[in-house]
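Can you keep this structure in mind? I'll have questions shortly.
So that you can tell them apart, the chains are marked A, B, C and D in the order they are listed, and the count of residues begins at 1 in each.
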Amino acid sequence: MTSVVLIDTVLLLLVTVTAIAIIEVRNLYTSAMLTSVYSLLMALVWVNMHSMDVAFTEAAVGGGISTILLIGTLVHTAREEKPLKVRVHWKAAVVTALTGAALIYGTFDMPRFGDPKAPIHHFRVPEMMAQTVGFVNGTKGKQAPPEGFDARAYRSFNGAVTSVPDDPKDTAWRETSVLAQHGIIVPEVLGSHPQHAEAGHHLHPPDDFNGHVPNSVTSLLAAYRGYDTMFETTVIFTAGVSLIMLLRRPRREGQAQKSAPLLDQTILRVVSKMSIPFILLFGLYVITHGELGPGGGFQGGVVIACAFILYALIFGRPALYRVLPPPVIDMLTGLGVLVYSGTGAACLLLGGKFLDYSMLDTVSPGEGEALGMTLVEYGVGITVSMVMLNIFNQLAEEESR
Amino acid sequence: MVDVQAHLPVLIVTVPLIGGILTIATGRGWKPWAWATFLTGTVFYFTIRLMMQVLASKTGMVSYELGNWPRQWGIEYRVDALNAFILLIVGGVGFITTIYAKLSVEKEIPADRVNFFYAVWVLAITGLLGITVTGDAFNVYVLLEISSLTVYALIAMGKDMHRGALTASLRYLILGSVGASFILLGIGYLMMITGTLNMQDMHDRLMSVPGILESRTVLVAFAFLLAGLGMKMAMFPLHMWLPRAYTYAPSAVSALLAATATKVGVYMAFRFLFTIFGVGFSFGMMPSGLVLLLCASAGILVTGVTAIRQTNLKRMLAYSSVGQLGYIVLGFALANLHGIAGSVAHIFNHAVMKGGMFMALGAVVYRTGRCDIRSVRGLGKQMPLTLAAFTVGGLGLIGFPLTAGFISKWYLVQGCLERPGGWPLAAVVLIGSLLAVVYTWRVVEAAYFQEPDPGTPPVEEAPLMMLIPMWTLIGASIYFGINATFTGHIALTAARSLLGGAP
Amino acid sequence: MTGVLGIYNYWIYVILMMIGLYGVIAKPNLIKQAIALGLFQTGIFLYYISMAVIDGGTAPVWTTVQDGAQKFQGPYDNPLPHVLILTAIVVSVSVLAVALALIINIKRRYGTIEADEIEAMDIADRLAEFHAGAAADAVDEAAAEGHGLEHAHGGHHHG
Amino acid sequence: MTFDLSPPLLAIYIPLIGALLIALAGRWANLREGITLGTAAALFYTVIGIVPRVLAPDFWAGYAKAPPLRLIEVVPNVFLELKVEPLGMIFALIASALWILNSLYSIGYMRGNQERHQTRFYVCFALAISSVMGLAFAGNLFTLFVFYEMLTLTTYPLVAHKGTAEALRSARTYLGILVVTSVCFLLAGIIATYAYTHDLSFKPGGVFTKALASGELSAPVLGTLFLLYMYGIGKAALMPMHRWLPAAMVAPTPVSALLHAVAVVKAGVFTVVKVIVYTFGPLTLIKYHQGSWLIYVAGATILIASFIALFQDNLKRRLAYSTVSQLSYVIIAAALLSPISIMAAALHIAAHAFGKITLFFAAGSIYTAAHKTEVSQLDGIGRRMPFTMGAFTIGALSMIGLPPTAGFISKWYLLTAAWETEYAFVVGVIILSTLLNAGYFLPIIYRAFFRPSPRAANPGRHASSTDGLFGDEDDHSHAHGHHGEHGEAPWPMVLALCCTAAATIAFFFYSDLAIDLATQLRKGLLP
């Protein structure tokens, strides 16, 4: 507990300093590299807060993709910012100060950091996790918690919470909070009450996930909020297409492509040739394993894209285009979203609602849920990797002109 | 096979989504356009059926739980009279604008990326539809980003790739992202306090837990949502991105945006202010009514005057759009039955009028290559139908009787008068019409009573492919000005349900 | 968690956002603006993730194998904000990509990526457009007057 | 009693169809103008056919119960609807009758002056008449407003007809004042009325009684509404909203004649009377002591406008200010709120129409034949154009209110009403304005008949002092060539103006129909 806060405090200070440096430094390359540092620090912050998936993504996106994008852009634009006439932009400072003050004002009534009794920890999400999905006890489909289910009783499911008595010091703030006064944050310790112990019989035995996959982030991402994720994939697709629209120019046939300058570097060549298959394999693993541990389509997709980018860097883009011609990349970009939305549509065609994976049970009995989630993860992976590759290609082509 | 009726809400979004992605595989030439037309036509058909379904249902509401997850945990699509109406507008105008787009896109967009253009175009419509249909707060944010990203790209394509389009797009991107971030933040605050993301669930929590509404967190959430939405819907004085964006965007894109994008922004404001926070909080406990009324009034007057001073007609219409948005904001900020009804009706009426007017300007650009006030001189004779469409649309903006604009004004003024001390607001609404007279009449005078500049080659009437969509919208603005029972009924129903709190 | 430490994370997020916002408004360099926009958004991510933390909690991956059976070892942090932020991160990188593409194009067409210089060029563009119109108007008016004078003149002769 | 209300609808459709046919026949001038005349005749016939219903003795007994002719529900509970009543009947009758003569006159004028865009002119004219019919037969305030605005819009192209900078500027003033007043005040008043009463229909006795009785509406608010209406009806040219009328004189004379002496301005005062009688109700206004200010404003308008007219050298401008002052006769009559005065208002709408159109016709004839626009140019013209100036004299007498002309009848009723209501102010205004009227009309007649025509005048100077009202320079140069040799105007014009002059006199002797209708109107006012 305290260790989390301690590390958190230090890391966040570092992050803040980096952020200031990013804004203030005049050399844009430095700024870009600091952004990368910033992202890695952020990834550490996320890890510290137990958000493995976000940390993974932040490292891949912030440390990887964003930096590539920024450097790629800087090559074509400018190295340095123009020196500013004024040191402090007063208008901006005032706007910023006011906005910040408003936001800080809002924080005073917030549940404190890590408070287990914050509404978000005992309202919908616990209910959701206690819900039964898939084939459980011989019945198919999703079942709402039984009548009389007390969401707060989930705490007994969430183990330790109920057994930890409230530290009066920790809860002192609640007395002053309007939220606590009106019961939005439940002051009494639940579970110790006999009534809740009785409610406990509705809960599932602790070694059963109620049909959920173990990584509850994936469960939410690909199942409960799978529809959001479909659009997240579409956002990436849109970015890819927008980039094509904005940057691609008609390709002149027979144009002399720059030879790959790194090809002479034997060590690089050999090492990369050896490692690329493993990177690819790892990407696939990350996608597939998303149900069990951190990772998923997005992170895996980025890893796969990196493999291709590495290939292009070492062996030149013509080599990459022999493997993956640009039209194929374009089509694959869309294919990912199509796989995702196609899965949803398949559920619909099988008689359920859009993205109702339990319908896939007819295809693979008992594992419809898992099948659906794997399919959509692959969809995400394909689109993400191909869009990233496409972005890289656009920027690189820009360079070769 | 599949029961379309049962899945209408989701089909409205997924059909154009899947279809939009397939657009990139349709090759070049007329095919992407035909495919996009087919898609938007299908969507339009779905929106009509959904509207009928909503009107026929006893609860006045259609709910669809995606993935069959119960609505508190999954994502719910929830369609009542209000969003069915907005869907109808987006679907209908989207379809008509797509038909219109063919010629102007052929002329303004490089041929090798027409398929990408239409893919993005269809996805933009998808995003707008998705925002409108959903009942989940976070889903709104995701779809908002889809529509925003696509719109940035569409604007950047620019009229003849004008370089101003790039800066316009980037400026919109930055402001739009800040706005969207504020919305994301507001949603986060609300989620933290209520523990849920479903709009109806949030509302129930906000209503049922005593004292929660006085919490500083909710207050800040409200303020930031309002600011974010204000930027997205280009509410004065947060409209800075809009005039440029509309001016430099390709003609068809201007028409689409003017008719749908800001309207969906307003719809979000409806949902957040009325459905989530409830009218009692938004307009009772918060001073937002006053703030919005002030912004709207100032917007109507200032942008009206600014529009008069423009020589570029697209820019003029863009400022006019900000002003007309002021009417919509003013209407719902009144927070009474007729005000809200006027606001809802004006969403529709302005969409058809302004869409038609931008199409008319697009036709002028198509023929003359320009759209400043001088380029329309004497065009009343050379392009009679186009200029007539522009004039009729302009009469609608003025609020001339028997045009759609009059209906909105009728409700709005009524709403103003129902509010105690609302006389000055009624005056603002009416003075706004007068400003519209001035800026519309400059064009009418130039087109009908002035001779073309010597040396300008005579031009032909716009092609039928442009005239038909243009006149469909303008015709609708006349039809719904003469017989507004449909729009009036829907607007009043929506207003009642918004005031009742439940969608 | 007591006192200020209880909302420390929430203050840091505000500070990060505000650093970003300051950059967006104050920096004329477009790339700097894009980077600042990214910082601004990360602030929000920090807010969401902080919300998910539960005292004594662990990552919301529900499996540890003990004696061959999977066991819960709670409490777990709330997975919902994590999911939302995954989406938001993806959105922010997409926005960044489009912004950078626009900036590259702007550099191509304007030759600079400093907002104030671009603004000046835009104003010059519009002024040129406006002056062309105004000049034409002036020519028209002069022509109209000349025309009128000629006629009045002619009239006198006639009389 | 059953109302067969389709004729009023027909009265709107006939000019509309006429407009369509005129547009289609645009290329063949004779056919086009034949259609215009035919349409006008058909319209008059239709309108005449409605009269007996209104004159039926039990008209008012069935009025309240008779359903209006509902065309369409525009907004829920607000209909576009028509309903015939005596006041509208008078207005429709005059407008349709004078359209025939005016069409005849237009043919002569437009051809004589070789005007351009003649098809547009005839089309807009027919559309304007259609709007006038709608206005006259409007069944509620909403419908009234719709046609009121349509009338503004359809007459705009007629005012801007020449397309010169001067014409456009004047047309802008015209549109500006009429739209500003109607949108800012009239529309606001109508919507406020709806908000308070949810009743926009025309009822003898007014619609506010219930709201006033229940205290929902207070007397000051009623007064404010009254103010909104009176200044909202810009077409009534109540000072200071009168400026559009002199500006509109830039239009071709037939437009000035029918529209700005009859249709448009009469639409204004007609609306004023209609609102006073059917929306507010004279008794309500008296009971709550509202609206007496109108008498003084109208009185002031009469005097000031007459005074300005004295100093106008441009003939049409002088006529325009005369119109402003005459319109306020109607308003002052309506504002007296007595049954007789309301009758006087209705009769003056009719009486003034015949006289004023004659005067405008004469002015147009003079312009066409002699290209003269200024009063100071008219020396001796009576001997060259005896018919024109004879008719002009009759019209002028009617304006002054001398028998045997139409003007005498309405003035008589007005004086009676003023006497009865004991408004010495009104009696004074009438006497003074009669003197002023004589003061600005008689010198013209004197010049025309008793001064020798000029021989050595320099027409060029006159041409440049026309204020651009007849701005087209070509016309002037054309005129100089023929100066001094002109006779009467083309025959259709002379025929038309003789007819209107005759009608002005006939109205004095055969005023039964008008008085019957006015009496019917008065009957409705009695509880």
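The criterion applied here is as follows: a contact is a pair of C-beta atoms (placed from the backbone, for glycine too) under 8 Å apart; a residue touches a chain by one contact, two chains touch by 3 or more.
Just so it is clear, the model here is predicted, and its values are computed rather than measured.
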{"item": "Distance-to-centre winner among chains (Cα means, whole assembly as reference)", "value": "B"}
{"item": "Reference chain D; chain at largest CA-centroid distance", "value": "A"}
{"item": "Distance between the centres, which are taken as Cα means, of chain C and chain A, whole angstrom", "value": "21"}
{"item": "Cα-centroid distance, chain C relative to chain D, in whole angstrom", "value": "60"}
{"item": "Centre distance in Å when chain B and chain D are each reduced to the mean of their C-alpha atoms", "value": "44"}
{"item": "Junction residues of chain B - those touching two or more other chains", "value": "138, 142, 145, 149, 152-153, 156, 185, 191-192, 197"}
{"item": "Of all residues in chain A, the ones touching two or more other chains", "value": "103, 107-108, 110, 118, 120-121, 125, 225, 228, 232, 235, 238-239, 242, 246"}
{"item": "Sites on chain D at which at least two other chains make contact", "value": "none"}
{"item": "Residues of chain B defined as touching chain A within the complex", "value": "1-2, 7, 10, 14, 17-18, 21-22, 24-25, 64-70, 72-75, 112-113, 116-117, 119-120, 123, 126, 130, 138-139, 142-143, 145-146, 149-150, 152-153, 156-157, 185, 189, 191-197, 201, 205, 209-212, 214-221, 223-224"}
{"item": "Chain B-touching residues of chain A, taken from the complex the two chains share", "value": "102-103, 105-111, 118-125, 127-128, 131, 141-142, 144, 177-179, 181-184, 223-228, 230-232, 234-235, 237-239, 241-242, 244-246, 248, 250, 330-331, 333-334, 337-338, 341-342, 344-345, 347-349, 352-358"}
{"item": "Residues of chain B touching chain D in the complex", "value": "395, 398-402, 407, 409-411, 413-414, 417-418, 426-427, 430-431, 433-434, 437, 441, 445, 448-450, 481-485, 488-489, 492"}
{"item": "Residues of chain C defined as touching chain B within the complex", "value": "17, 21, 24, 30, 33-34, 37, 40-41, 44, 47-48, 51, 80-81, 84, 87-88, 91, 94-95, 98-99, 102-103, 105-106, 109-110, 118-119, 122, 125, 129-130, 133, 136-137, 140"}
{"item": "In the complex, chain D residues that touch chain B", "value": "72-76, 78, 80, 145-146, 149-150, 153, 157, 160, 163, 167-168, 172, 175-176, 179-180, 183-184, 187-188, 191-192, 194-195"}
